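For clarity, chains are labelled A, B, C, D and E in written order, and residue numbers in each chain start from 1.
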Amino acid sequence: MIRTAWLVTRKDLRIEMRSRVLLWQVVPFGALALLLCGLALGPADAGHSRAAPGLFYLVTLFVALLMINRSQAVEQTVGTAESVATLGLDPAGVFLGKTMALTLELWASATLLLAGTVVVLHTSLIGTVHAVPSVLVTLGAMACAGTLYGALSAGNEGPATLLPILALPAFAPLLVAGERSFSAALHGGALWEWWVIDLVALAGYVAIGVLLYGVLEE
Amino acid sequence: MSPSAAELRDVVAVQQQFPLLSGVSLSLATGSLTVVTGANGSGKTSLLRLLAGVLSVTHGAATVLGVDLVSQHAEVRRRVGWLGHDGSFYQDLSVRENLVFAATALQRPLDEIAPALERVGLAHRSDVRTKDLSAGQRRRLSLAWLLVRRAELWLLDEPYASLDDEGRRFFDELLDDVQRGGGTVVMSAHDVLRSTSLEPDIVVMAGGRIVEAS
Amino acid sequence: MNKVTQRLLGPLTLLTLVATVILGLWVTPKATMHDGGGDLVRMLYVHPALAWVALYVSFGTTTIASALYLWKRTRSDTMDRVAYCAMEVSVLFIALTLITGSIWGRPTWGVWWAWDARLTSTAILLVLALGYLALRRANDDPQTRARRSAVYGILVALNVPIIHFAVTWWKSLHQNATVLTVSGKVSVHGSMLWTLLLSFIAFTLWYFWLLRARYRLEVRSDQAMQSHLAAAVVERQREGA
Amino acid sequence: MIRTAWLVTRKDLRIEMRSRVLLWQVVPFGALALLLCGLALGPADAGHSRAAPGLFYLVTLFVALLMINRSQAVEQTVGTAESVATLGLDPAGVFLGKTMALTLELWASATLLLAGTVVVLHTSLIGTVHAVPSVLVTLGAMACAGTLYGALSAGNEGPATLLPILALPAFAPLLVAGERSFSAALHGGALWEWWVIDLVALAGYVAIGVLLYGVLEE
Amino acid sequence: MSPSAAELRDVVAVQQQFPLLSGVSLSLATGSLTVVTGANGSGKTSLLRLLAGVLSVTHGAATVLGVDLVSQHAEVRRRVGWLGHDGSFYQDLSVRENLVFAATALQRPLDEIAPALERVGLAHRSDVRTKDLSAGQRRRLSLAWLLVRRAELWLLDEPYASLDDEGRRFFDELLDDVQRGGGTVVMSAHDVLRSTSLEPDIVVMAGGRIVEAS
């Protein structure tokens, strides 16, 4: 299982590296989103840093959707699906591998975006650093959920169609918890409680994925 | 008689409410070579996909390599070799990367890759991304993969298409090898086989069924 | 369910629903606990019961049926159908919960909608349920569809507690447990309590009645599908001739 | 030119209709974005309606990027590009047609999103209605720019990669102007000035597109 | 001699820094039938793409149908008919929708579509999405399009591939028709032509160049 996971992770990361979506898509997009938000909130600083966690997760959400889409799309090209299916990869391994690759990609973009919020939205550096563990866990849970929902929506119409309506309601509580705990890290408040929700969700998704991913691959 | 490599009884396979296969009964002996022919759209590709465990059985009973196809496709998939109409594996990876990925997945020795690429004449293109290959070269990549893989049951969809003369000759050699090693082969084709040393069973399809078998 | 109880389901549902309406509209008093309430308090006999069915009874049915489908020993088309039909009925009940809640909320809180914990979580549940239906429509191979929706049914179950905690830790406008407080002391008027209880029974019965009707419809449409398919197979075979 | 434009518009809309991305992607995404923003800003109403224009355009931006991506992707499938190229369609017509289809799609999603902001973020109904003309023009300009940049980035790596970095700088001023004029419609202020910027941008992009789209198609 | 349909002089075509064509000189008479053969990856598809105005000329001079290929591909594209390796047009549209789109684009009469579909044997699939067609049916869709289109220069990439016997026979008829109507055809193929009534010029490619022409 671990061997397969590792193989799949490397393959996905390599494909991602080739297309460099992360660099060309995430960075400019994050920048523009931050700019727009800055504008919408006017020049006052206080408001900026209050909105920062929500904004950060909004942009991350968009990036995550794109990446989940791509992560499934590479498996769905003509000819690919059949040839990979006949490799008989361990489904649990595939699940873990794809999740791992997605997680790493999300972490990379989150790093850039967090830096952006500090610079552009004036969030406190220390607060942001405190938020890092919760951000990592939240993104991990999103990646797990994303891989599962991506596999669920793969097929006839391509993942683009079904994925959002399946994944978004499931992302909502994760994002709420992430946003709250980021806010708490910035402005004080219950940091751990929210963090725990995402940790539990992460564990739950990993368990379901490892057990049930095989069922999905027909 | 050798044990059966595949056994289908009245198999119907439906996709998007259209019956791709409309009642196929078929029995393949281990070590046999079967050529499936028939008009365009008669269901050859669908039959091969079904045998590979990629298209699911809607009605009927099917066993491949002694494994029940209805309940255990995963097991079947692991044991068949597939060569499809379109390219295989990941378009964004290079020829070698794709083969390394597949070989690692099935725990095949990696040092067979270089000779296989050499044999199919892709050694000078091993670092090119699959999507940049020519049609025939993509075909040859699949052949190289089959060389590395050594499956029990080979499912080949129009293997001759897009191959040049040398490629076809090479494919015939490969087929000979497989036959001698006791492998079972099912392939679809519009032409009769070139190789004269082999004596394939011919199966003719029409309207999603087998209308003639010899 | 045996034949007799099945026969009784319809009449019983009607009876309890009618009784709830009569008690709720004429027997029970006007507002006692809600300030701006007046006759609005009569929503009490509709909204909580609807919410109860929507959140627990029908979602629960789907989850259990999905789990039973995934377990190889109990896998059957029946489980798949039950899960599907229950989810469809869920959508109805969640929608009714949202609508009655909004109607209640407008005079009580002054807005149709607010960023409140329970409201938000109910809305998310509705989207989850719609997602299930969308997933079913997108897959037409019956086995793939059954497998995928069963997995989704389990994922939904995982989401319910997550949503629950994510929102209860968040400040709430919504009515807290009013009917039965922690101390067990009943805090509403006697006739109201009985009507409330009756409404729970009535709506639960109604749910099972709907589920059964929907299930039968599904069986019939499956049969229609089968004969349609048989015709398509014959048609396909003719292509070869 | 007009004939070609109309042909292309219908074709694009028909393909879009088949995949129903608009419905399944925009609605849930918009809903979740509104939810997240509602959260990030807390339960106070004042803040909500102040942030509404920025949020609206942020979500619209996501949606626009997705749609531009798709609008180009349908042209790039294997085999499609060559066969369509040899139809010798009038490039100006293709440009107008694709722009028109994109515009209509964006308008449809904007309608839904605007309704969402009124209901969920409590923006004033009258103010929102006043903002409609400016929103329409802004989205038209975005569609023009999107089609142009989509064609620019089409090619080897697929539009997904290059599109954002090309399109975002061009979108930024449009979005800023749109956001300002939406704000003005809601809270009073210079409504027309910003509106005019977008109108000029729209005219400019249409002119450039009609004249130069042919150059892009090699 | 009839005026020249295509004239290439030392054409080099580079894509991603790889020279797909490495110096092709070629002259095609109007009304001629040319078959391009050569090993896999020798540049046949690239040559056809160049003639269609889809692959651009990096060095050298090229004229197609009297139009300069370097400065006016748009004009060239409008006048050639193309049949590619892979499917054509939009995967998400149905067979008929695709043909209607293409015919409207070139202002061809729409009432030729139904007979064309009938002739290529796709009439019973006219409402199926292109992506659901079988490989041979996708080929046949392209043939139907060529029937409706009536181009001056036809560029056909391995037209026989995936077609069944009936399809090939039909294609040969089509070729005959085109020849009699004075159309010019360039096609790539790995086999010799089936039709015995036609006398094609054979061009052999290797390494992105023409190594032999008759």
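Here is the rule we go by: contacts are C-beta pairs under 8 Å (C-beta built on N, C-alpha and C of every residue); 3 or more make two chains touch, one makes a residue touch a chain.
For clarity, every value in this text was computed on a predicted model and none was experimentally measured.
Peer 1: Smallest number of touch links from chain A to reach chain E?
Peer 2: Minimum step count, chain A to chain E: 2.
Peer 1: Farthest from chain D by Cα centre, which chain is it? Let me know.
Peer 2: B
Peer 1: Measuring between mean CA coordinates, which chain is farthest from chain A?
Peer 2: The most distant chain relative to chain A turns out to be E.
Peer 1: Once every inter-chain C-beta contact is counted, which two chains account for the most?
Peer 2: Ranked by C-beta contact count, first place goes to A-D.
Peer 1: In whole angstrom, how far does the Cα centroid of chain C sit from the Cα centroid of chain D?
Peer 2: Their C-alpha centroids are separated by 38 Å.
Peer 1: How many angstrom between the C-alpha centroids of chain E and chain C?
Peer 2: 59
Peer 1: So what's the Cα centroid distance for chain B and chain C, whole Å?
Peer 2: For chain B versus chain C, the centre distance works out to 48 Å.
Peer 1: On chain B, where are the residues touching two or more other chains?
Peer 2: 16, 18, 41, 56, 85-86
Peer 1: Please list all residues of chain D that touch 2 or more other chains.
Peer 2: 19, 24, 28, 31, 35, 39, 78
Peer 1: Multi-chain contacts only, two chains or more: what residues does chain C have there?
Peer 2: 127, 134, 140, 143-144, 239
Peer 1: Run through the chains and report each pair that touches.
Peer 2: Here the touching pairs of chains are A-B, A-C, A-D, B-C, B-E, C-D, D-E.
Peer 1: So in the complex, the part of chain D that touches chain C is made up of which residues?
Peer 2: That would be residues 24, 28, 31, 35, 38-39, 43, 119-120, 122 of chain D.
Peer 1: Provide the residue numbers of chain A that touch chain B in the complex, in ascending order.
Peer 2: 4, 7, 11, 14-15, 18-19, 74, 77-89, 91, 156, 214, 217-218
Peer 1: Which part of chain D faces chain A closely enough to touch in the complex?
Peer 2: Of all residues in chain D, those touching chain A are 19-21, 24-25, 27-29, 31-33, 35-37, 39-42, 47, 50-51, 53-55, 57-58, 61-62, 65-66, 70, 78, 157-158, 160-165, 168-169, 171-172, 175-176, 179-180, 183.
Peer 1: Report the residues of chain E in contact with chain D in the complex, numbered from low to high.
Peer 2: Going through chain E, the ones touching chain D are 16, 49, 52-54, 56, 73-75, 77-82, 84-93, 97, 101-102, 104-106, 129, 142, 145.
Peer 1: Going by the contact rule set out above, which residues of chain A touch chain C in the complex?
Peer 2: Residues of chain A touching chain C: 148-149, 152-153, 155-157, 161-162, 165-166, 168-170, 172-174, 176-177, 180, 190, 193-194, 197, 200-201, 204-205, 208, 212, 215-216, 218.
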